[in-house]
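The next part holds the structures, each set out as structure tokens.
Okay, so subunit A shows up in both of these, paired with subunit B first and subunit C after.
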Partner chain A sequence: MAENIQKIAAEELISIQVINSIDYSFSTGPIMGKWFQGLKEKKFYATKCPSCGRTMTPPRGCCALCVVRSEDFVEVGPKGTVVNYDIAYYASPDPLTGKVRKTPYSALFVMLDGSARDIFAHEIKDDDIPKLKRGVRVRPVWNEVRTGSIHDLLYFEIDG
Partner chain B sequence: MKRVAICAAAQHEIKSNIWHKRFQDMLMDLLEDVQGQTGFTFGDNGVKNVLTCSDDFFDARTISDNAINDVVGAGNYRGEQKMAQEGLNGIGYAMACILSGHDDVIYFAGHCKESSSASRNQISNMAYDPFYCRCLGLDYLSAAGLQARAYMEKAAVTEEQLAKVVVRARQWASRNEYANEKTQLHPGDVMYSSVLCDPIRTLHAYPVSDGAVALLLASEEKAYEYTDQPIWITGFGNCMDGYDLGTRDLASSNALKKAANQAYKMAGIKQPKKSVNLVEVMDCYAYQQPMWIEGLGLCDEREGGRFIDEYGPAKYNVNLSGGMLAGRPLMIGGLYGAAEAFLQLKGQANEHQASDVNCAVIQSTTGGAGQHQTVVVLER
Partner chain C sequence: MSQKKNRNVGIAGIGMTEISSHKENQNQPEMINEAVRAALADAGIALRDIDCVIHGNMELFEMVHQPDMWHVIGTGALEKPSFRITTGGTTGMTLIAAADNLVASGMYDIVMAIGFNKLQEAGSTTGGITNMADALWYRHLQTGALTSTSANVTIEEIGEERARRAAMKYRIMMDKHACLNERAHRRLGLEYDQIENLMKNSPPLIGELRLIHMCSQSDGACAMILASEEKAKKISKKPVWIRDHIAIHREETASNAYFPILSENSHRVAARKLFARNGITNPIEYFDVFEMYDPSAWWGIEWLRDFLLLDGDQVIKMVEDGEFDLDGKLPVNPSGGVTASNPISATAMLKPAEVALQMRGDAGRHQLKREVKHGLASGFGGVMWTELMILEKDLDWQGDNNG
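For the complex of A and B:
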């Protein structure tokens, strides 16, 4: 009986593969726009909350904690200190291409120099993964061709 | 019964492509606007619970409200809920929060940037199932085309009448500082505009629009802390029709009739034709204005065309904002209607102010061809 049900299921319960695709274009606005412009020039811009003084990287136009407009920019980094990380060994496939990125890779939390109560998330150079520890110093590695996108920053590497 | 008030409303200027701002930037402007009007704060003595309205597909991310928590004051241990239907439903949700005693003040902000997608039809195509209707190309425009043909035949609505609706919408839009499309038209411009999805013509369809709206709602006890002139939400109703277009009577707005009756009953309105003196309908396509008016019971069945020709729009102050036909974004078209009615009831609608308004009805819809319908009654 159970075998029969499985046989029917295999024949009749068809699943159809669908790829959904929508074309978008997103405004970066004056705040994120400044951030991307900074990456082009190998600079990290943060906004600073006028109320509590914390920095936000990438910059946000509103401090989530104080709920006030924050549009004053400060430059932070470029070097920083690792405060947290994980290492992914199983990557999700890209839903549009089915391709899976090379593993392992890291999710890195960096406290950029000069920032206050804020972290910046990126990743570490593959070769440096075995040496990764909380508290190590890192520096950015920039793409030679920079267009004002997140790919202008390739990754961080251990400094020294 | 206890009452719930709208204490303040803020509207972002509507444009077809607000390219210079993220939706977060737009919502930040509205937050400051509402705080400026009311002096409200977040926390134990103010707003503890926030409501938002946005759409995952327009914003291109799931759980789209996560991206705006900061700018609605919810990013720091505050309650937050997202209305994933047209924003007018959020007024009902906020009422429930307040009338249940869970909250006494709610900040509510909705946004939608239709311009983010290359075509809003690509987005509404995603409303349909992935292996049947979506593949056949059904979207809100083609669903509306089916409904337009069915309704226009049933109620004998003419091209001339639809042209009047559009021409009038643009006239009123020219007086509304927030409206999107203010170019003035002659009836012939509408009647001979290119066909978009027969029988819907280009100028029968609302322009692509970006915008955002925010409201502050409060219990009767709290309302006067924020305003001297609260506007009362006296009625709310909503109703869902079938998902499959083939199972529906597309020529009749049965869901709207039920939603309206629910709202009128709650507001104690027995004869809407006599009580209502301002209407905001979500007319994404010109045929929908007379159709929704019928659904709201402001004219008899099949009388929508005559309503346009003879007596209706002026008598009932229909869409003095310009309405959807002058451009409002999909997810918050009705929420803009509520903000407009709020201004009208307060006597603050400036150049498009109606006289002697005390009972306003706002209608909105989510889904293809008016599938889900919502009605709110606001009174002075």
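For the complex of A and C:
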């Protein structure tokens, strides 16, 4: 009997369980800083490439295609057209909160009015998920309290 | 003209573990060591013959940082020059590209590249991938590697029924290949008469993408030994030659993957440039096998069109006609592909490894009946990051205009 117990103990495969929880703080820099400042005022500030003319949302300080500085801002939107979307049924964790997301939720790719050759990503209102199609017009719905974060924009909803 | 190489480089040894959903019987260095020993045995050399070791994985999955340091007992890199590479899903192919560069340059004669991931140890692969997205904006929106955007576009182009059927036929074809590959992780035994049932009943993950369409998360390691022409011929009876490779990035932001900001995605740019500089005008005619990094069946049917420089519904017709079967016009993924086996940072390395085994005639039950002389292998990572590689059985392409 004692021998048997020893044998089982020797064969037991042990896994070490670890849960990591680490706080981070990311600097926005001046270009993304202007973007988040704009969200507080319910405005989308894109940068525009002086060489090819495309807009960038969220803004980048350099056009990766032309390899030139792009530090001039233009206001785009607030309405736009859906170019593609994802409706997630799989309950993946939100790495910003650690919480499992409520499903279904959406990832929405929108061409904001006045922008050129770049799209913008956010979410659609849950009630509008069944009506989502490429080409649909959408408008932003803003958070009452805006602090300069992605949550200043609650979601887009179908316009009309 | 292919990229200028100081000298030719051959694959002289290949080792891989069985790919599985869980390997609690081994820790990370032990699993790696199994692949290392297999590669050394395949090449018929010892650790002392290796000049340099390149180690690669995505550490955010296992959260073991500086793995090249902690894994030295498994890699055998103690007191050897060693580098670590992490390029997302592309890692396995970047490892081979880097090993090729290191040997071709003359820096080292024999380099061993090791790719692995032990995803069962990761709490959530999808959570890990989401956590990789740009911290200032996209991290909140990223849905891991899951997306239906390519399915949405394919459906718009060719219609719902035909698109869904083609994607599922592709998935079952991959499973049929995997069922012949004793190292493949998921071997489900699917049949083509299950197409309609799976189209309706496989659990939806995101949009049109269902569980059955998507790649697995696997544990496994692959090691490959690359050597200069002189050494490769001495070591290996059947060295396979790396002719050329190219890396193309299109990952300025996450949205690049979901909307054609540019007229071509990274796969098409890579294929166009790589084939042009090697004088290959008809890739379907030229290549005998294509091992493609296909994270889902929907991406599979979309990306084949890009890599093979096809237009319209040509590629859908080829799927429908079985042209990518093992006995088809261009066999695709005789290994079963990524939907069958996905130990992520070994995954892209399994692509050139499989091509090389097919060229050597050592693939096993899924060995192609035709002679495999010219092979293509692709890796994919990030949001639009392509590595594409041409492999050759014979050293006879130089000075010729093949294709």
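Rule of thumb we're sticking to: the second predicted complex is superposed on the first by the 143 of 160 C-alpha atoms of A that agree within 3 Å, B and C clash if a C-alpha of one lies under 4 Å from a C-alpha of the other, contacts with A are read in each partner's own complex, and residues count from 1 in each chain.
Everything below uses one rule, namely that a residue touches a chain if its C-beta (ideal position, glycine included) is under 8 Å from a C-beta of that chain, and two chains touch if they have at least 3 such contacts.
Every value quoted in this text rests on a predicted model; they were computed, and no experiment measured them.
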**Request:** Determine, under the contact definition given at the top, whether A:Asp23 touches first (subunit B), second (subunit C), both, or neither.
**Result:** first
**Request:** Based on the superposed arrangement, let me know which partner A:Val141 touches: subunit B (first), subunit C (second), both, or neither?
**Result:** neither
**Prompt:** Of the two partner chains, subunit B (first) and subunit C (second), which one does A:Gly61 touch, if any: first, second, both, or neither?
**Reply:** first
**Message:** Is A:Pro93 touching anything from subunit B or subunit C once the two structures are fitted on A? First, second, both or neither.
**Reply:** second
**Request:** Return first, second, both or neither, reflecting whether A:Asn84 touches subunit B, subunit C, both chains, or no partner chain.
**Result:** second
**Item:** Partner chain in contact with A:Phe109 - subunit B first, subunit C second, else both or neither
**Value:** second
**Most subunit A residues touched (candidates subunit B, subunit C)** = C
**Prompt:** So, does A:Cys52 touch the first partner subunit B, the second partner subunit C, both, or neither?
**Reply:** neither
**Message:** By the touch definition at the top of the document, which applies to A:Ile150: first (subunit B), second (subunit C), both, or neither?
**Reply:** second
**Message:** A:Arg69 in the overlay: touching subunit B, subunit C, both, or neither? Say first, second, both or neither.
**Reply:** first
**Request:** Would you mind listing the overlap between the subunit B footprint and the subunit C footprint on subunit A?
**Result:** 18, 20, 24, 26, 28, 32, 60, 64-65
**Request:** Would you mind writing out the residues of subunit A in touch with subunit C in their complex?
**Result:** 13, 15, 18-20, 24, 26, 28, 32, 54, 58, 60, 64-65, 83-90, 92-96, 107, 109, 117-123, 134, 150
**Message:** Touching residues of subunit C toward subunit A in the complex: what are they?
**Reply:** 24-25, 63, 123-124, 126-127, 130-131, 135-144, 146-149, 152-153, 156, 203-207, 252-255, 258-259, 261-262
**Request:** Sort out for me which residues of subunit A touch subunit B in the complex.
**Result:** 16, 18, 20, 22-32, 60-65, 67, 69
**Request:** Spell out the part of subunit B that touches subunit A in their complex, as residue ranges.
**Result:** 18-22, 24-25, 28, 31-32, 42, 57, 60, 69-71, 73, 75-76, 113, 115-119, 122-123, 126, 130-131
